[in-house]
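As structure tokens, here come the structures.
Two complexes are shown next, each including chain A; its partner changes from chain B in the first to chain C in the second.
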Partner chain A sequence: MNSAETALFGLPWWQAFVGGICTIAIFSFLYKENPFYRFFEHLYIGIATGIGVMATINTFLWPTVLKPMVGADRIPFPDGTYAEPYNEFYLLYLIPIAFGSLYYFILSRKHNWLAQLVIGFTLGYGGGLAFKATFNEMLPQLEDSFRPLYVAQQGAQSGIDWLATLSNLVFLFTLLTALSYFFFTFRRSEGGPAEKSALAGRWMMMGCFGAFFGATIMARMALLVERLEFLINKWFPLFFA
Partner chain B sequence: MDSSARQKDSLAERLERIDRRVVYLLIALALSLPIIFGWKLPPAEMETADSFFRVVDELQPQQGKIVLIASDWGPGTQAENKPQTMIAMEHLMRKRIPFALISITPYAAPFLESMPRDIKEKLEAETPGETWNYGTDWINFGYRPGLIIMIQGLAKASDLHEVLKTDVSGTPLADLSIMDGVHTIRDISMLMEFTGLVSAFNYWVQFFQADGYRPPFVHGCTSITIPEAYIYYVSKQIVGLYEGVAGAAWYETLLTKKYPGRESGTALKINTSLAVAHVVIIALMILGNIGFLVRRGDS
Partner chain C sequence: MNSNYRQALIKAFTFIGGLYFFLEFILPKKINSIAGISIPGGFEFGLYHDEISRSIQIVGTMALGLGVINIIQVHGANILKSKKGWGNSLALLLGFFIVVIVQSIDLGNSEQRLDIQQEIRGFSSFVAIVHEQYVDSSTPAAPRIAALNARLDSLRSHTQSGDSYLNLSLPESHTELTNAVNEALDNARSQAQELENNYASLEPDTASFPAPQLEASVESSIQALKKLAELTQELSMLHYENTFGRKGSSFFFGAFFDPLGAAMFSLLAFYIANAAYRSFRVKSLEASVMMLAALIVMLGQIPFGPLYIYEDMPQLRVWLLKNVNAPAFRAIYFGAAIAGLAMAVRMWLSLEKSPLATEKTEEQ
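Now for the complex of A and B:
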């Protein structure tokens, strides 16, 4: 087999070929629902799940947990001895492994209370972390919301920086009106300032949602262009090069 | 109703109800033509990407300091996140700033291997005689499960060698010169995070800090999460931001200005396709609305 033939049916050729078939199969849904699409959709979900499981085993469970536990991480010498002695303390890993495995009792009607122990533990540490996370994330944003309503020009120029001042005013208006929209604990009088403020808040949020929608379209187009680039530059040349 | 009114009505109706498959075809054409003909439009200037460029450009290589690149994306968002990660990585490699790659997403693993090698090949072809090597210029920690537990573990580690132990291929960190002197979060001079997942980005914001220290943080997001990511930029929780692939395209322009001989990457190409597709979408929206207004006027 010459080099040209190897290139034709070599691994990169097959990778690109199968990639193109998968892409077209998924895009066929745009025309209409069909079994070709359905098959590749299931294939994709299966592969994605398999990769996740294997990546966790290969990059975490085996090298970090199981390998030290069975002593396979030690360097062996030709005479059968090892560079370092076996560390029995790694067997303590069995305790969290056993505790975590209790989750599988969720499948048992009689013993599913054991699974609840794991769920309770998870909720407990999750709650604690969420508490910390909220402060770490929100405090700087809260601090940033205290903005001056008069911004002086920087440097040699004196007077008001109109653009920055206007920007801060818009920010404050949006912040207060959007917050007022979410006051549901008292009755707003019809046509009163609280209702008007809530209405303004709703409009401000609509503007925000519009930005989100525009960004969503852009993101979806970007995903599509990557696939098209693959089809045009890598897949079609398989047949015409 | 006379024939001209009926004709007008049917044209308006057709404008308003263009078959979705025709819309898909037009969009596919709009996105494909710039790729086929190699068109490249100049990208819009972006203050957020300017800031990203500035902080990376001001960074200097220091013994015992590395940049941590959290590449939390997979094939699903590679169209935007891959050009972003590669352009930032290229900037670091050109400046000889060592960096470490890590991911909390398993699907990123193959990209963590291939991206720096692709850039190495490109740079070595561009500057004969110079070499970039694994273990001295970059290191790959691979996919690390555990999400926030892992991120917090890194931030609070008294010795990163103890926490991470080995690189992705099992080489002990002590055997890789890039890790000499790198022991705690304070030895990480910058954190770069690229993702299409808001939650992944949030984890790094929330937990990658210890003892009042958080390295300067820059972020690359997909277009869909720009409005959320912008909040963190305004509040200075991040000091630079790629706004989707458009941000990467502008960064690429800045990098080409600084290194005139460099070959441009994919960000500009994708950005041009997007610009053409946006024009088509806007045109379709206008046509649909004209159809709607004409029909409403008639009725």
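Now for the complex of A and C:
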């Protein structure tokens, strides 16, 4: 191909070519597991790991930790001065760096307990953070769940807004029955209201799972359609253009 | 160290790890008194929240290398011992190292561009600061503005250099930008020269200040330098997009990472269809409810539903998601969140057996 780029959506032809091979390699798994698939699967893991590692360095470690520590984030002026003085407090980041480095003692048989210090610290941090995270997420949802069972018409019309009222009723019925399904504090009597409520909750949860399942199928289908569209409109024309 | 002390130390670190965030959650933002004793000015507990959060993030980030070491150990051993599938391990390691090298080069290029861009963006602040210090403390300004002029001259030479981010030898399609940068550079240089002359003429006798022409000259220099910064940003970005690191990174994203990732996840479309067949067979009332909900969600999301089945299918889908899916999921979430919180407290207080503890450490 003479041109450096195909006329197909401005995608470089070699990028489209390699992308097509990668896609077909992964789809070959639909026939059966094969070396072609395994090779590209491993390649993907390697590249994804490299991208993940570099993303952490590019977006966090270098710009927010190392760069301020060495003073490279300051704006230099033409007369040799800087827009702001060097902040030596950034050197305090050496403490978490040194503490975090204890992770590597996990590789030592004799001193691996040192790694447990930092692992314990991380677990404890997760525990402490859970209070804030749980309540910050749960309370707004709890508050939103208190819905009126009578919704009046808005504006000039008077009377009941049937759709909003019905929606709120269904919402509360689903929430309460689904909660009752997970209520194991006392034994449910056979055919009693608690058991009936739990059964209704199970049906409502089935509706929820069905909706989730439908949304998941659609998301996967969208990815599949995108890949097929790529192969048909961008990759195959490379050979017939 | 005695193993009991070790265990106590690990428990203490676990407790300390969660203490800050627990206190930050329960304490008021500002504490004015403790046990009736007033604190002058009050005590703000979360004053260094960002720094503490970042420090904890750093601790977690340090574990990144462990993953890399593990990958190298496992796949390096496969290659060295020529185990079955060693070629795959080689592909994995090659993919990893090439991406790391290319993205490191890209980081270097990006930093070079940022450095020069930051410096040019700082010129206008420099002029403002020089003038402020001249007015406030009669700090000589002319030599400092002369340094700015010298730097502008050296930037002019960069416009001819092939490897500079300010190189103006661009294809004809960018003539407009080239001319605009040239003009902005000339304008900034002449304004700064005028400013230098103004300061130089005033400096032997600073008592003649305020000089209205000086204020005007400062303002026009700042505006010219801001314009230069704006245009050079566009120019440096253009050069950066053509660097080896940037192109290499885009290549790995566009040719490998995106297609492989999308294909890998789209594979699930086939398996999920299989799973759907098995779970949606109408064998029970629950399965029927599940199938009906899934159908409504799927048909409401594609044009087929509203076009051929029911016009308000998308609205029905939204209603189902809002009034059945959301509360049912919320009920599950409430239960899980409370259980998760209980678990978190047990872990924080070291009441839970650590998943990382070996039999040996448990005995200790």
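As a working rule, the second predicted complex is superposed on the first by the 196 of 241 C-alpha atoms of A that agree within 3 Å, B and C clash if a C-alpha of one lies under 4 Å from a C-alpha of the other, contacts with A are read in each partner's own complex, and residues count from 1 in each chain.
Note that in this section a residue touches a chain if its C-beta (ideal position, glycine included) is under 8 Å from a C-beta of that chain, and two chains touch if they have at least 3 such contacts.
Please read these numbers as outputs of a predicted model, since none were measured by experiment.
Engineer: Considering only the touch criterion stated at the top, classify A:L223 as touching first (chain B), second (chain C), both, or neither.
Structural biologist: After superposition on chain A, A:L223 lies in contact with both partners, chain B and chain C.
Engineer: In the overlay, answer first, second, both or neither for which of chain B and chain C A:L129 touches.
Structural biologist: both
Engineer: Between chain B and chain C, whom does A:L30 touch in the aligned arrangement: first, second, both, or neither?
Structural biologist: Both: A:L30 reaches chain B and chain C.
Engineer: With the two complexes superposed on chain A, say which partner A:T56 touches: chain B (first), chain C (second), both, or neither.
Structural biologist: In the superposition, A:T56 touches chain B and chain C alike.
Engineer: What is the contact status of A:L149 with respect to chain B (first) and chain C (second): first, second, both, or neither?
Structural biologist: neither
Engineer: Under the stated touch criterion, name the partner, chain B or chain C, that contacts more residues in chain A.
Structural biologist: C
Engineer: So, A:F212: does it touch chain B (first), chain C (second), both, or neither?
Structural biologist: Touch status of A:F212: both partners.
Engineer: Considering only the touch criterion stated at the top, classify A:W14 as touching first (chain B), second (chain C), both, or neither.
Structural biologist: After superposition on chain A, A:W14 lies in contact with chain C alone.
Engineer: Which chain A residues lie in the overlap of the chain B contact set and the chain C contact set?
Structural biologist: Touching chain B in the first complex and chain C in the second, residues 30, 48, 51, 56, 60, 64, 129, 132, 137, 141, 208, 211-212, 215-218, 220-221, 223-224, 226-227 of chain A appear in both lists.
Engineer: Using the touch definition up top, name the residues of chain B that touch chain A in the complex.
Structural biologist: So the residues of chain B in touch with chain A come to 21, 24, 27-28, 31-32, 35-36, 76-80, 106-107, 109, 142-146, 148, 152, 165-166, 168, 170, 196, 202-203, 205-207, 209, 222-227, 231-232, 234-237, 244-246, 266, 269-270, 273-274, 277-278, 281.
Engineer: Hey, which residues of chain A end up touching chain B in the complex?
Structural biologist: Touching chain B from chain A are residues 30-31, 48, 51-52, 55-56, 59-60, 63-64, 129, 132-133, 136-137, 140-141, 143-144, 208, 211-212, 215-229, 232-233.
Engineer: So in the complex, which bits of chain A are touching chain C?
Structural biologist: 11-12, 14-15, 18-20, 22-23, 25-27, 29-30, 38-51, 53-54, 56-58, 60-62, 64-65, 75-80, 83, 92-93, 95-97, 99-101, 103-104, 106-107, 113, 116-132, 134-135, 137-138, 141-142, 145, 167, 170-172, 174-176, 178-179, 181-182, 201-218, 220-221, 223-224, 226-227, 230
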